[in-house]
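Next come two complexes, and both contain subunit A; in the first it sits with subunit B, in the second with subunit C.
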Partner chain A sequence: MRVLLVDDERELVSTMAERLSFRGIDAEWACTCDDALKRVESTIFDLAVLDVKMPKMSGLELKRKLQAKCPGMKFIFMTGHGSKDDFEAGSAETGSEYYLVKPIRIEALIDKIKDACTK
Partner chain B sequence: MSISAKLKPAFWDYQEGTGPFKHLFNFRRIWKLTVALTGVVTLMPLTFMAFIDYSVTRNAIKSENVLRMARVVSNTSSAISFFLGERKSAVDFITHENAFEDLKDPLRLAAILKNLQKAFSGFQDLGVIDSSGRQRTYVGPYELENIDYSNQAWFREVLGRGVYISDVFLGFRRVPHLVIVVKHDLPDGSFYLLRATIDTGQFSKLLSGLELGGHGDAFLVNRNGVLQTPSRFFGNVFKKIHLTLPEYSPNAQVFEDQSIKGVPLTVGYAYIANTPFILIIVKHTDELMKHWYQTRKKLLWFLLVSMATILLVILGVASYLVNKIYVADERRVMALHQVEYTNKLASIGRLAAGVAHEINNPLAIINEKAGLIRDIFTFKKEEVSDEKLIGLVDSILSSVERCGTITKRLLGFARHMDVSIQPIDLKEVIDEVLGFLGKEAEYRSITVDVEVADGIPKLRSDRGKLQQILLNLVNNAFQAMADGGHLRIKAYRYSADSVLIKVSDDGCGIPESDLKRIFEPFFSTKKKKGGTGLGLSITYGLVKKLGGKINVQSAVGKGTTFTIILPLKLQQKRGLAHASSVS
Partner chain C sequence: MSRKFDRAGEAGLQFYGKMTASMSHELKNVLAIIKENAGLLNDFTCMAEEGGMPVDLEKVKRVTEKIAKQTRRADGIVTRLNRFGHSIDESSKSVDLWDLLEFVVALSGRFASMRGVTLERKPPASRVTVTTVPFFLENLVWLCLDFAMGVAGTGKTVGLIVEETKNGARIKFTHLEDLAKVPPDTFPAQRAKVLLGALNSELAVDVEAQEIVLTLPESIGG
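Here is the complex of A and B:
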């Protein structure tokens, strides 16, 4: 299973990727949307974990572009601006039930990744 | 409640609060100024007119009394003057019609006296006195012949003036009488006097016939103030009266005096021409002014009733108008407060959301870094597993999770500022609100019991408003309670379409006098401590907006319970929320 983590917070995504690797998930990370789009050209990812708000391009926009390049790709969104209600609102907006609010417990993220990939 | 408390206008007890928005006016001062100015411009002309009317009417009645008195005095003095003049003329006539020799004849003189007595009342006797002053002939009831009058003062006076009317005196006969003496010159150059005695009882009869009322008195005095006729109040004949003797006047005059006892008197007098007599008529001024006193009583009553009516109307109108101004200004201040409150909440919301968002990212990094440290110790076999280190990392992770919960709650709270109807889990909202005050409860050892009955369906209402309502009530309860207090929040289904929430504390309680006013805007018992008096008023407004009802029961020293009944479904029409079932 290969996962792409995209967030403008380098420290966050790099650490998150390392932690996922400890748990047997092959994770790569990108700090910009352009970098993420380049990565998918050379590597096939099963799933992408995207921050909703990023400079230059939003997570939703990036999702649309990634979907165009990798039609079978699954998505999980994360945000620092939200609560349970945001989760519900965000799910409706992104068309994805996988919407996590920072700070994220790693176990919760792994559950969502596994869940998304098995569907 | 006392009558004064019922009549007291709302602005009376108004006190300026400590908040930034103050009333524009000093209502008591406006009220006092209005009452004073209106009172002056209405009551002053009324009082002035009443005073003028009082004076005019009093003077008119007084003048009428004076005129009437003067008329009576004038008429009576004319009657007395006529009486004496008539008798003097009769005596004078006798001297002209009879020769001296005839008059010296006692029989002739007796016949003349008899005729006189028939024609005129009052004649007692007649005497003829020769030029030496000896009474030559006398006819009458006494033995007065040959009496020598030459040394009498009146004898000398009659020689000079030709006629003499005496004071009333006792004389030889010891009975009050007066004499009229007429001098008649004879052709041989000598003279004789004809002296007639008049009974003064005639005067008394004349004076007693006057209509003088209960305290009236009429009498004659001589120029020395000695009574010539008996007086009802000043004594009998020959007694000196204590009244000031009036100055001579050819006409009847009236003046005011007072009795020894200080009773005001109206005195009319007239000097009776060519006699030593002064006619005096005395009446009690109060009796004369009796009609005036009745009129005065009516006038004063009218004035008092008018003044009281005007004053009542002024007070009522001033209170009503100032109260209206007060209510309008109160609404203005409340609107400003509401705007400020809403703005403050919105600012807090924006600030909270911004802070929460900004904090969430660094929190996430801390979370990940700490997680990584833990993972390294857990997953890499070459790293020595240090239980203490793992414990520290777990502690960092749990603190991060706690911070995350707080920021999520802040974000949730901030977002519900706008009106939105959504399904609400009541228990969740209560827990959320208590989450904000959990630490305070912990520090102050306040026990909080929450009892939400099972089976309460999700409310369709405004989450933000419900949060504010509960937050205000719980905050209030915390302020009322001492440390170690007990707060109970109970919720259960009240009816098929409503739910009941009770917030009870065991704090200081609210006095009964304040209980009816606690939902009024700006009513605060904590104004000196910076309370705006808007908390419960806003809560009341919010409950109404949610279509609910709120009431309060309280006992001083025992605690307070706020009960809210909310509809399960809040309907929103044209921007205004109302409930179909409960409100």
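Here is the complex of A and C:
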């Protein structure tokens, strides 16, 4: 299973990738949407974990672009907006049941990754 | 004056909400990084205890430095939040205009980053002060900055200049190359107009010079 983590917080995604790799998940990371779009040209990823709000391009826009390049790719969104209303609005907006609020428990992320990849 | 202040206060609530939401979002990111790095340290410990893998001290050092760095970042955000909260304390006060501008720029950092806009500041040759309502002025500077960043667009720079004038001071928002493309009367909008009135200040949109200029009196009462 290969996962691409995308968030403009470099120290977050790099650490998450390291922790996922300890748990048997092959994870790479990108800090910009442009970098993420380049990565998928040379590597096949099963799933991408996207921050909702990123500079220049939102996670939703990035999802659409990634989907066009990689039709089978699954998605999980993460956000720093933590209220219940934010969560519900974000879930509706992303149209995704895979929506996590930061700080994220690594085990919860792994559960979502496995769940998404087996559907 | 009181009614004018009430209306400016209503505009201020929106500003207050926007800024505190932004700072809390930034804090969430910092906490997430601290949590992941603490988790990584725990992973090292578990791998040593359960898998017999020796702890790499260089890696531990690197992770603890990251946690310390993010703690300093969080402290900076909370300090800004505290100062922002206290900016409501005094209805009228002598303020260092450059210091206030720097503060609003710090508050706006995440918004600038999201838009891909660089904020370039040029400090005044000497200290420039005005007696004003700090919170209203922060709000008005933010509205100008928000407009300027929107005009500049992604990948561009907005210049910020503080200057002393004969009767007070001014802040220039420069490098707005696309100002001519903005329909007239777009800015200042109602909220900015209310604040301009409350602060006895003026705003000029100079399409030719590609800048907007906020002119402030030496004293709000003057």
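Heads up, the rule we're going with is that the second predicted complex is superposed on the first by the 117 of 119 C-alpha atoms of A that agree within 3 Å, B and C clash if a C-alpha of one lies under 4 Å from a C-alpha of the other, contacts with A are read in each partner's own complex, and residues count from 1 in each chain.
The rule we apply is simple: a contact is a pair of C-beta atoms (placed from the backbone, for glycine too) under 8 Å apart; a residue touches a chain by one contact, two chains touch by 3 or more.
Not measured: the values here are computed from a predicted model.
Trainee: If we overlay the two complexes on their shared chain A, which of subunit B and subunit C does A:Ile106 touch? Say first, second, both or neither.
Mentor: both
Trainee: Going by the contact rule set out at the top, does A:Lys114 touch subunit B (first), subunit C (second), both, or neither?
Mentor: So A:Lys114 meets neither subunit B nor subunit C here.
Trainee: One more residue to check, A:Lys56. First (subunit B), second (subunit C), both or neither?
Mentor: In the superposed model, A:Lys56 contacts subunit C only, not subunit B.
Trainee: Using the superposition described at the top, list the residues of subunit A that contact subunit B and also contact subunit C.
Mentor: Touching subunit B in the first complex and subunit C in the second, residues 9, 11-12, 15-16, 18-19, 22, 80-82, 102-104, 106 of subunit A appear in both lists.
Trainee: Spell out the part of subunit A that touches subunit B in their complex, as residue ranges.
Mentor: Per the touch definition, subunit A meets subunit B at residues 9, 11-12, 15-16, 18-19, 22-23, 80-86, 101-106.
Trainee: Which subunit C residues qualify as touching subunit A in the complex?
Mentor: 24-26, 28-29, 31-37, 39-40, 43, 47, 63, 66, 69-70, 113-116, 154
Trainee: Taking the touch rule as given, give the residues of subunit B at its contact with subunit A in the complex, in rising order.
Mentor: 353, 356-358, 360-361, 363-369, 371-372, 375-376, 378-379, 400-401, 403-404, 408-409, 411-412, 415
Trainee: Which positions of subunit A touch subunit C when the two form their complex?
Mentor: 8-9, 11-12, 15-16, 18-19, 22, 53-56, 80-82, 102-104, 106
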